[in-house]
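Both complexes shown next keep chain A, but they swap its partner, so chain B is in the first and chain C is in the second.
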Partner chain A sequence: MRENNSIQYRRFYRTMPIPSMVVLLMLFFVPLFFTLSSAFITEEGFSFSRIISVFSDPYTQRIMGFTLLQATLSTLASLAVALPGAYLIATYSFKGKRMILALSTIPFVIPSILVVLGFVIFFGNNGFLNRALMALFQLEEPPLKILYSFPAIILAHTFYNFPIIMNLVSSYWEHMDENCEAASWTLGANKVRTFFSITLPRLIPAIVSSASLVFLFCFNSFAIILVLGGGPQFTTMEVEIYRQARMMGNPAAASALSLFSILITSLLLLWYNATQKKLGQSETYSTSHRKAEKRPATLVGSVLAFLYTIISFLFILGPIVSVVVRSFMAAPSRSAQEVFSLKWYRQLLSLEHATGHMGSALGALTNSLLIALAVAVLTVPLALTLSLAIRRKKHTNSFLELAGMLPMTVSSVIIGLGYYLIASRLRGGLALSYTLVVLAHLVIAIPFVLRTILPEYRKIPLTYMHSSLTLGAGPFRTFLSIELPLLKGAMFTGAIFAFALSMGEFNATLTLANSSIITLPVVMYRLIGSYNFQGACALGTILIAVSVLVFIVSEFARGGTYGR
Partner chain B sequence: MKKHQFVCVLVAILSLFIPLTAQGVQEQQELVVYAYDSFTGDWGPGPVLAEQFEEETGIKVNLVSSGDGMEMMNKLISEANNPWADVVVGISDDMASKIYKAGLLEPYKSEALSEIPSFLHFDPTYQLLPFDYGNFAFVVDTEAMDSDMVPTSLASLTDPIYRDKVILIDPRTSSVGLGLLLWTIEVFGEEGYLSWWEIMKDQALTITDGWSSAYGLFTEGEAPLVLSYTTSPVYHVTYEDTTRYQVALFEEGHSTTIEGVGLLASSNKKDEARQFIDFILTKGQLTIAIANSMYPVNSKTELPDAFNYAPKPEKNLSMDSETLAKNLDRWLTEWTQVMSK
Partner chain C sequence: MAAEGLSCVLKAFYKDFSLDVSFSVQAGELACIIGPSGCGKSTSLQLIAGLLPLHSGSLVLNGKDLSQTPVHQRQIAMVFQDYALFPHMSVEQNIAYPLKLRKLSKTKRAERINRLLSLVALEGYQKRRSQELSGGERQRVALARALASQPQLLLLDEPLSALDAKLRKHLREEIRRIHDETGITTIYVTHDQEEALSIADRIIVMNEGKVMQEGPGEAIYSNPANLFVATFMGEGNILPYSVIPKTLVKIGSFEPFVFKPQEGQHTIFFRPEEVLVQDDASLPLAEYLPHLKFKDAELVSCEFQGDHYRLTCSWEGHTIIAHASHRPITSHLTLGVRINAFREYLGDTLMTKSQLPMVGQ
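Take a look at the complex of A and B:
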């Protein structure tokens, strides 16, 4: 009898994730199959000729070189900005420290199209920063000519990514015990020497791990390069894939290019996984924070801490605040001065007649909300049933877990390309097009939602479920009355994440959408393209509101402990 | 219990799509017109034309922004299996060979053609009908650049004093960008044009994908020179009453372009589409002339005074369509190679 039951249970836990697995693999592999087949299949059947001709083109090689170069430089720049911050946070306690740490989650919650917009408005020749400096120093010409150049790309990537490194390294640093350093001091080494021969080598795993993550993000960066780059000189793989597929009518070449991108991304993910494992092994975490309660000992120290706080505040919040401010301004004619106005919000809500891209803003907003809602509602059950099965596995990194993370190996532009290739073979109306958008967003969102739900699932001791089973409830009833209630919070957080991710999703949507599909970020991009910055800012402010919501929810989720 | 929940969720999800589908149904009754971004944009003629046309005929027009000219054409070609557009506005003579080859357009000999001088009939097959024309030129922001600084030839733009002061446009995606590429070939010849571009690669502030972004950057004050048309000042004089933006006339002449409108062979609203084309070639001409800042093709259109601010170049440059069709792909490839170095 008991034997029989446990077989039944096992069957339940095995069958539960099957639908999600099927959906996930279909949604991931079918588009990928279309992409690969369009790369390899020419009129003469299967052939490497297209791959060879694309990769032997010096233009392609230069793009690959540039992509790697900009990712390397962006990572180094992010490290240079982040490490001093990590040091300050790990070593001292000072005012604003909590705020800096909180700000460091921003890159995870704001969409890249918003970063670009904020950047242009804040750092442009005619932007807030330059205007302020010109007024302050009575200058004729804008002093900071950063935009539309190679440095602009690096700067934007740094802005977007340095908080990731700062956050990861400082939290590792804080938990590192101080005994080795103490021994070094006792043996007569001074502070500098101790840092370079003891502390830094111990930090290397954390630095390498976070830097490789940032490298991956910069390698796959799309919106920032699309807007801030310009011309063939500053083009990366992702932008070229989009351009070939959608602007130059050559999806086959785009598919061939995406092979390179997939290869690099997969290698980077494997490498990142390895560094993560090493990170887990290399240090015995001390449970208590190290010294962080100290205030900066010297005046120089406190001044530096203060300056770093102010500058990173300005750096991170400046562009975002500018977006909100500019959305409330409008010029009566193309070359007149801007004044305070609710014009863009009235146009957005169709209270005022709007033409061009602003005319489609309300439609874009409702579309985005509906798509995001659908994505949130669909993603959570998929991730939940996957977690249910993964929780029962003894090993981490089981096949299921890896499968759930699979979509991360492919950049969102390439996912979009796959769906675009599918769409171009199907005859169907708008409903089909929008369904494809939802599916693409779903694939992109699943890994993130899984990462939200799974850790919480792992916190629930298996004994809870065992007791329930022992008391006679079946596995399904156990799932409903034990697991679901305990996971409510995580599911909610996951749903919010999926919602926000979909609201801000730009890369895949732009790549797959035909001109009839409009979502909030796509309209924002078109508004930026036609230099209606204020209109773009009004839409951007809505995205900021969504991001703030996610920010609050994630902060709340991090603080809360439950399940005991 | 499970079934019940499942059904509820399913219904909830499906119901989400009802508005999206409904939107699709509604849009299927409209005449779908693809046009380049600046035509449909906030400052372009498209929105006004669509309104006037609807008032007159009761036919609703859905204007779709489709990027700049080259991008729009490639989009049309890549959508050949799943066509959506009924009419396409803004394919220029410079790039037309590719759309003829794709065979997507249906010839239409509009009656309005009799009012259009024959030198503008660039397509003898009438797949594309001319609706406006102009000369490419660099436009100067006179508040940011003194009059003695204004460049006088393409060659003078390579002077270091114009470093980061010029905004160019990508010929692979934009009809205006393509116009400049051809202009440089007309002026410097096949031997010389690439060396001009090689210098301009570092001279230019940026190379945008389309005219809209370039001109937007320019009016935002990011640079004092932009690639556009000799007729661009007309817009600023008419709507903003300012002569701040002026044309730099070049001694070697200015390349010309004629923009065409075409009827998609795949359209199932051909009558409405033809009406729209007729409208653009007749009553719509004045709006196009001003808001698009180009010369109207219809000889009956009376040019407003603002066109006095559009200087006439002494020399018009153009290229015969055969040379163009034969070499365009090669030129674009060569350009890409040089500009990515």
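Take a look at the complex of A and C:
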């Protein structure tokens, strides 16, 4: 039978994403192939001997154990901080609630190296918190000595991750049909009983889902452990992969270790996807918010709400504000008090002779801006054409969508390792090295941009495209005049996300870069390492500005779609 | 095969549903496809438009085979259930979209847009955005946009289903008026039998992927080809054939023409408005021709419907629905149905005089 032309428009949608699919798979699988081959291929050829020797080493086993332990503890701590907040937000209306909700999106957009810096500046021995406490209680010694220790890791992870749980659980809670609770009361259960036998069980899917996400983040945490862990004593898989590859000169061992990380991350992602699916099925999501929003009935309730607001403000905003404040301070001489100064910005912009790593700051800034621009420009068309194909599938877990999310199964350190292994095989100048950085960032950014564009794409009814076709426009014309204009906003948001992600990307860059490659986060890391915190703060403030931009754009984008 | 108009044989097979229909629509005709949800009427429309692939069959429009033509070259416009107005364009830009594709000059476009907007009674709406329009207005803009492409055939997919009852009545008159003014061949899909009867030149009744009956509204209503069409296109009573010998009343020596019973499920069907209601035994049943007389029917319920009363009666275990002009004074009624008012079905198929010998013969 003749090839059926009447579905020509479908062929268009099938062929469009092929180039980007190929590019994505190349960018993802080639480095992964290099990583895995160096794990399995020894001098004698293919063998499991390296894997076996690495994993039978008690040192490796200790690291694996520690990685899981710190992730578990961090998740539990985040839950402990987040759930009371979720309860307050979902049940009561109080001053600052909207602010908390808005602020709680900050950890989604803030780069981890900034969290590290903010944490040091805020909680450090000479940090704002200690100084405030010392001034308040007239102490000689800083009362909090938590930097470079196990609690520091847990605390930083909690600060970084509790807003994720709070955000997800409270929004789920708010949209839950509250008539079930009312029904329970009319059946004779008191409020406590109702909470534990009705509300909590209904919340479990949301709690499990958000906690799995946090566990995944903590499992793959790199910058926080690298800086705050303070040495081999508190090392996780990610840090060990980096250490083996770049400091011990043993990339083969690093590759073997990656296997464990990839395995766990993939399992966690599959589990997370399953919980998300369950989340979608378990409640009939009421579209309106709970009607009976009420103020805290008791004084205790009001005080708790107030305290929670203050503390979460302090925890979320404190470190960030400290970074900005410190960047504008410098001591005129060694013994003098710090005063307001633009010294670090002058050094950053090379207006004044810069010392140490500050000398490379301006170069790092330009590099980062250029890399981020390239990543933003390249990622959007890739993600757009991918979502073109994915949107047509009704089931969210289609092959293509999974493929688009593939890079998430591999931590950014391992992506960096793959590109490092490629770089060590290739002979090329600086241009090649920077190209590899851009490609690595591209792989990391695509899933995020896909997640921005795809939901918007799914909102466009198919009948728009069908209308255009029946009115006489061909598939390509339809794509240009209907789909593209409708996705402008999402594409812009996606580009901004990709830009910010690339600007703050630290893990992969550090793992793959040789000393000649400098980006903003890498220089920040070196400045922290050489105890020039204020210089790092000046760079950090620029990253904060980028994050604020993303924050504003993403808040706007929420209301900016066509009223459909 | 008719040179003008549409004639199609649509065959498509899906996992849990297969469609096999053939019908034709004359040039300038407004045809309605009607059927319950899931009967394949929207699928048929998408097959005609080219949005779904035709697995086999043919599609000939004005003498041209379109079954292999891509959707955007078929010159078949479609108004979608949700109207699908492009939200990033104004009313004017929406209507201009097909005109631009036809490379009309700017002045010609403006002129066409004016004409189309006045055709759908929306003069001066050029600059409005689709979000600012009411449901009825969107529907008209969608219609104007479809007409702007000067299609050979216009498809309307349940165009009024998203609107409230009163607006629906008004807009279906408008659609009929616009159809008469433009004379464009139109297929209109609906699940509302009243809408279909009032608007269509011809009705195609579909069920489970098959055409059940095709013809003018009157014929379909009074001579339904099978019991599905009979009950889908309005209310009705279905009784076994055995009631005929029990209830047949002869007038004088005149032998009434009634079909003899046949083997199998032989049933009779009649509409409630054909039932004559006698609520006062002292008065004769207002009937002088041969009829079926249901004595001692019990009135079960009586609903006031505005212009008539809808009576549910029980007669020897059978339920009979009847329409009456007044509320019955007793609950013991006598019901009458003239013999030319009911239809007989063997199994599911309408029996015609030529198929059955009559009792009187």
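The definition used in the following text is that the second predicted complex is superposed on the first by the 547 of 564 C-alpha atoms of A that agree within 3 Å, B and C clash if a C-alpha of one lies under 4 Å from a C-alpha of the other, contacts with A are read in each partner's own complex, and residues count from 1 in each chain.
The rule we apply is simple: contacts are C-beta pairs under 8 Å (C-beta built on N, C-alpha and C of every residue); 3 or more make two chains touch, one makes a residue touch a chain.
Quick caveat: nothing in here was measured; it's all calculated off a predicted structure.
Quick check on the superposed pair: does A:L486 touch chain B, chain C, both, or neither? Answer first, second, both or neither.
second
Using the touch definition from the top, say if A:A182 reaches chain B (first), chain C (second), both or neither.
Neither: A:A182 stays clear of chain B and chain C.
Based on the superposed arrangement, let me know which partner A:L147 touches: chain B (first), chain C (second), both, or neither?
In the superposition, A:L147 contacts chain B only.
Touching A:R526 in the superposition: chain B (first), chain C (second), both, neither?
Only chain B is touched by A:R526; chain C is not.
Once the structures are superposed on A, label A:L351 by its partner contacts, choosing first (chain B), second (chain C), both or neither.
The answer is neither, since A:L351 touches no partner chain.
Which partner, once the models are overlaid, touches more of chain A's residues, chain C or chain B?
Higher number of touched chain A residues: B.
Residues of chain A that sit at the chain B interface in one complex and at the chain C interface in the other, please.
Dual-contact residues (chain A): none.
Which residues of chain B touch chain A in their complex?
Going through chain B, the ones touching chain A are 1-2, 9, 12-13, 16-17, 19-21, 23-25, 27-28, 34, 37-38, 40-44, 46-48, 64-67, 70-71, 74-75, 77-79, 81-82, 84, 164, 168, 170, 172-173, 201, 204-210, 212-213, 215-217, 219-223, 236, 239-240, 242, 244, 336-337, 339-341.
Using the touch rule from the top, collect the residues of chain A that touch chain C in their complex.
Touch list, chain A to chain C: 2, 4-9, 461, 463-464, 466-475, 477-478, 481-482, 485-486, 562-564.
Applying the document's contact rule, which stretches of chain C touch chain A when the two form their complex?
Of all residues in chain C, those touching chain A are 46, 49-54, 67-78, 80-82, 84, 86-88, 97-98, 101-102, 131, 142, 145-146, 148-149, 155.
In their shared complex, at which residues does chain A touch chain B?
Those residues of chain A that touch chain B are 58-59, 62-63, 124-126, 145, 147-149, 230-233, 235, 243, 246-249, 251, 333-336, 355-359, 363, 366-367, 370, 373-374, 377-378, 381, 423-427, 429-431, 434-435, 476, 480, 514-516, 526, 528-533.
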